[in-house]
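Both complexes shown next keep subunit A, but they swap its partner, so subunit B is in the first and subunit C is in the second.
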Partner chain A sequence: MKEIFAFLASGHMVGVEASDVYRVVDNCEITPVPLMPPFYVGIVYYRGELFDVLDAGSVLYSTRPRGFQGNRRIVLLKWKGRSLALIPDAVKGLLQYAASGECDETIQLIHPESIRERALELYG
Partner chain B sequence: MVDLSKYETIFTRESRKYFCELDTLLAAAEGNPEDRDIWREIQGKVHSIKGMATALGYRTAGDLSCGIENWCREFQQRRPGPEAVQRLQDGLDVLKGITAAKNAVDKSGLAERFRDVLALFSAPPETTDTTREEDSLPPQSANASVDSINQVRVDYGLIEELVGLSQEILSLEKMLPSNSRKQLPAPARNWVSHYASLLKVLYFKLMNLRLVSVGDFACMFSRLIRDQAIEYGKAVTFEVLGEDIQADIALLDRLREPMVHLIRNAVAHGIEPAEKRVLAGKDPRGRLFLEAVRRRDTLLITLGDDGRGIDRVAVIDYLRRVRGLEPAQIEAMPDRELLSTICCSGYSTVSKPTAIAGQGIGMDVVVRSVESLGGSLFIQSDPGKGARFTIELPVTLSFLYAVTFKLGDFTLSIPTSSVDSVEKLKSQPSCEPPCSYLDLRAVLGVEAVSGPSYMLKFRGGGAAASNGDFIPVVIDTDSIVNKTLVMIPAGELLSKAGVFSGVGVGEDGTVSVILDVEALNRRSGFPSSGASRRSG
Partner chain C sequence: MGKTSIKNKLILSFLTLVLLIILVVGLLSHLGRDFFLIQAVSVLTAMIGGAVVGSIFSNSFVSRIRALSEAAGEISRGDLSKNLPVVSDDEFKDLEEVFETMVGQLRKMIYDLRKVAGQILETNGKLTSLMKDVLLNSQRIDASARAIAESSEAQSLIVQKTAVRVDEALRGMEDMARWTETTVARIGEAEKRSESGEANARRIMNHLGEVLDRMAGYSGPISRLSEKVEKIRLVIGVMEDIAQKTDLLALNASIEASRAGQSGRGFALVADEIRHMAENSKSSSQEIGAIVEDLMEDNRSVVEALAGSRDGISRGREILAGIVSAFSGMLSDVKEIFGQAERIEDVTSAQMLQLREVMKQVRELSRLAHENFVSTQKTMLAAGNQKEEAKKMASAVSALNVLSEKMIESHSRFRLGEDA
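== the complex of A and B ==
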């Protein structure tokens, strides 16, 4: 069995491998950046590292950004020397799935690299 | 009973630094065995290791370093024999193993080698039977002092952890509701304020620990170069230029593998054997150099050699054979593009690969590694004169002074070195043509804000700027300050905007994006474009 970290993005249940999740942080200040596309929320500086923060629903499903107010949970992802942060609609937590890759059909498993590639593609 | 464990740890770490420096010095001694100063320096470092080992009761390490030191003293008076440097390298390898094992020779797996090298260094070294003309050395003082330990080495991970923790403590202060702070009695408020100030200083000092010198980085390759040169039967000197330039340890660490590939290629393919070099009128010893230069917001690291240069015939042959290009197409190809062919996956000119060259991998790996850091690789080559591989990296972690201001929702910074003047305006400026200015709000797509207006004159407009070398820029802001920032490279997505050179973190933890003045100028089209320019 493997562990996945599940969250909601634009009404879809999405999962990433738990080992790619570096931290889930609250109360972390996001610095907005001009000239960036709508899915790009800003940057977070956490423990000496920069993370591009993306609206999970907007980058994965091209929905309109929600506009964030108040406390937001930010999922910091790190994999193979790369990093990225997502703001999901809601965090569901850790779930188990079979190592064979069989998983609950309602959860879309996604690798952080695909999210990064999608963001770069959307930016053009 | 004195607890020596902490001193043992210091010794182990400290001696690593000495061994690294000794690799460089031995490589220099090999190229110039008659240089008495080099031998004196080597002796000094071995002497320091010996002193620390003796103080800790490491008798085996002390005995061996004593023998090595005696050889180095001898070489300051008599010319060393041809095998001297290799023998010393073997001896230092064993000494390194013993110190790493905290003097436990049996556990180090080096017992047999230790006995051999100790016997070797207990006897006088082989020298050419010529006494140097210079004054003979003064006798060694019987009560020579042991160097004090004034530096320690710590794992980079520990520094990262400390930086992270201090940042989190800083952010705790921000989470304190402002009204609750007001409710505190004045002495407690002062205490919190003083505590936070000290913490900010601590944070910045810790960030400073992430910087290492290019000299220390280059030191890692001295041994590799020497070993490669021996493997290929070549003589190679290694020179470091710009060694005092400091860069982020994380960045340099990720450059380690690309540099190893470049060095291997330079020794294997670039530098010719001594006899060929002599025939070409060159010094029989090849020259390899690593040069670091900081230019604006980039760090340039060049690895160059004075060898034969890149084999253009082989490159052209590859383009015709593998890519199917016609001679005319190759002829029309810019030199830079032609040379970059060697970075293609699978490119090789070696018919029989060896363990270290000609595997058809390497340069493409170098390019990928450099690109993953947001950098670029530039190749230059002069037939018969050598090749240069320059890695251009975006701004690395460093400290800079910057003018930081709020513009709408955004916190932006401009390096102070790029700002000629800042002037607070009484009203929105208007001026007669050809006077014009750049409206930063329009360039960055920021909604109208109502703050005091400032006129900043940016340096770096060059010929594009209508007003001499400056770009006059107007911003409306409530807050504009000059402060120190820790500068961090912009990530992939941020770089795509094309106007940011990095991200700055202030002492108070404030994050701002740093504007690249030249890119801003290009984007705005100033002064010819009217889209983001206003004329009075």
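== the complex of A and C ==
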């Protein structure tokens, strides 16, 4: 059994492996970066590290960004020396799934690297 | 010269004849003539002397009688201008004088008659003119009488209609008097009701004042309750914040435990439990928050209702004050109206009495108008009769005029001489 971290993005339930999740924070100040695409919300500083903050729905499903609100939670991801922050619509928490890779049909399991590549692809 | 009568003349003539015969007889006797001769000569002398004297006398009488006859013939032909010559102072002179006096009197009479006829003619002319005027005036009087009769008839009708109208007005006035009496009674009742309404409105206003004071007393605890609920909400906010942070902390703890693997399993269970507690706490806080929100909402509604009630009561108080004032004003107006209605009642009664008097006068006027109409009819008849009589008089005057003209024409046949 593995644990995944599930969240909602543009109406879809998305999951990442819990080991790739570094922290879930709220009330963080996001600094906007000029001349960046709409899915790129800005950067956030957390405990000596900078994270690129992406709108999960926009980057995964190319929907219009909903706009960041201060009380929304930010999911900080760290994997293989890379880092990324996502703003989901809502955090569901940790869920168990089978080690065979079979997963609940309603949850789309995705790797953070794929999210990063998707962002780079969108940025062009 | 003294008057000599015919008798004396005849005696004188006879004596003269006798003297002549005596002289002839004496002469013949003296001459010695025969007696018979003397007789014959005397008779012959007497006859001749008698014939001469008789002829002289008869001529004298006949000529004067003829003169009288001629004068009478002239008079009969209308000539009264000539005078008879007085020849001798005898009985014929008396006759001639009487005749002359008669002619003079006749002349004077004819002259007077002519004068009177002229005056009658002149008067007739004036009378004719006057009769024409009278006739014209009679026609005018007749026309005026007819006009007056028509006017009188119309006046009589108008007076009768006026009497009917006045009678109707009188009945209307009587109805109005009854209504006024009823109105006065109702206004009296309205006055009592207005007084009662004013008193009730004052009592309601006092009662509302008490209610308002009580509501003002209620608003204090409700305001304090609102403040306390607001504090509870703040506390709930803090609790929610703590629950959210606890939830986040538990979530991160679960993530850390998951990353720790098997060694973090127990920690994960604790973190998961804490997270459940945090979620329960959060949902409870949210429920409490919802309850508090409902409470706050209800409290706000109560406060608003209280404020609204207070405002409403204040407005109601103002309205009631207005009503009380209106009742006072109405009462004063009703009293004034009551007084005016009573005055109207008095005036109506007085008017009714006056109208009854007017009715009497109108009836008297109607009677007079009827009498006037009858008199006018009589006047019209009299005017008609007068016109007819004036026509008859005019025809009589015309006939008199003709007679006067004929009289003047007859008089014109007489010649009266220059003296007349």
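Convention: the second predicted complex is superposed on the first by the 123 of 124 C-alpha atoms of A that agree within 3 Å, B and C clash if a C-alpha of one lies under 4 Å from a C-alpha of the other, contacts with A are read in each partner's own complex, and residues count from 1 in each chain.
The rule is simple: a residue touches a chain if its C-beta (ideal position, glycine included) is under 8 Å from a C-beta of that chain, and two chains touch if they have at least 3 such contacts.
Just so you know, these numbers come straight off a predicted model, no measurement behind them.
Peer 1: Using the overlay on subunit A, decide if subunit B and subunit C clash or can fit next to each other.
Peer 2: In the superposition, subunit B and subunit C stay clear of each other.
Peer 1: Could you look at A:A90 and tell me whether it touches subunit B, subunit C, both or neither (first, second, both, neither)?
Peer 2: neither
Peer 1: Looking at the overlay, what does A:A18 touch: subunit B (first), subunit C (second), both, or neither?
Peer 2: A:A18 sits against subunit C, while subunit B stays out of touch.
Peer 1: More subunit A residues touched by subunit B or by subunit C?
Peer 2: Greater contact footprint in residues on subunit A: B.
Peer 1: If we overlay the two complexes on their shared chain A, which of subunit B and subunit C does A:T31 touch? Say first, second, both or neither.
Peer 2: In the superposition, A:T31 contacts subunit B only.
Peer 1: After lining up the shared chain so the two structures overlap, which partner does A:E3 touch, if you call subunit B first and subunit C second: first, second, both or neither?
Peer 2: Touch partner of A:E3: subunit C, not subunit B.
Peer 1: Check whether A:L50 is in contact with subunit B, with subunit C, with both or with neither, and answer first, second, both or neither.
Peer 2: first
Peer 1: Put subunit A at the vertex: what angle do the Cα centres of subunit B and subunit C make there, to the nearest 10 degrees?
Peer 2: Given the fit on chain A C-alpha atoms, the answer is 130 degrees.
Peer 1: With the two structures laid over each other on chain A, which partner does A:R73 touch: subunit B (first), subunit C (second), both, or neither?
Peer 2: In the superposed model, A:R73 contacts subunit C only, not subunit B.
Peer 1: On the combined arrangement from the superposition, state the nearest Cα-Cα distance between subunit B and subunit C in Å.
Peer 2: 12
Peer 1: Both subunit B and subunit C contact which residues of subunit A?
Peer 2: none
Peer 1: Which stretch or stretches of subunit A touch subunit B in the complex?
Peer 2: Residue positions touching the partner: 27-29, 31-36, 40, 43, 45-48, 50-52, 81, 83, 116, 119-120, 123.
Peer 1: Within their complex, state which residues of subunit A touch subunit C.
Peer 2: 3, 5, 18-19, 21-26, 73, 91, 93-94
Peer 1: Going by the contact rule set out above, which residues of subunit C touch subunit A in the complex?
Peer 2: Residues 244, 248, 251-252, 254-255, 258-259, 272, 275.
Peer 1: Give every residue of subunit B touching subunit A within the complex, in rising order.
Peer 2: Result: residues 160, 163-164, 167-168, 171, 174-175, 207, 210, 254, 372, 407-412, 444-446, 488, 490-494, 496-497, 499-500, 503, 505, 509, 511-513 of subunit B touch subunit A.
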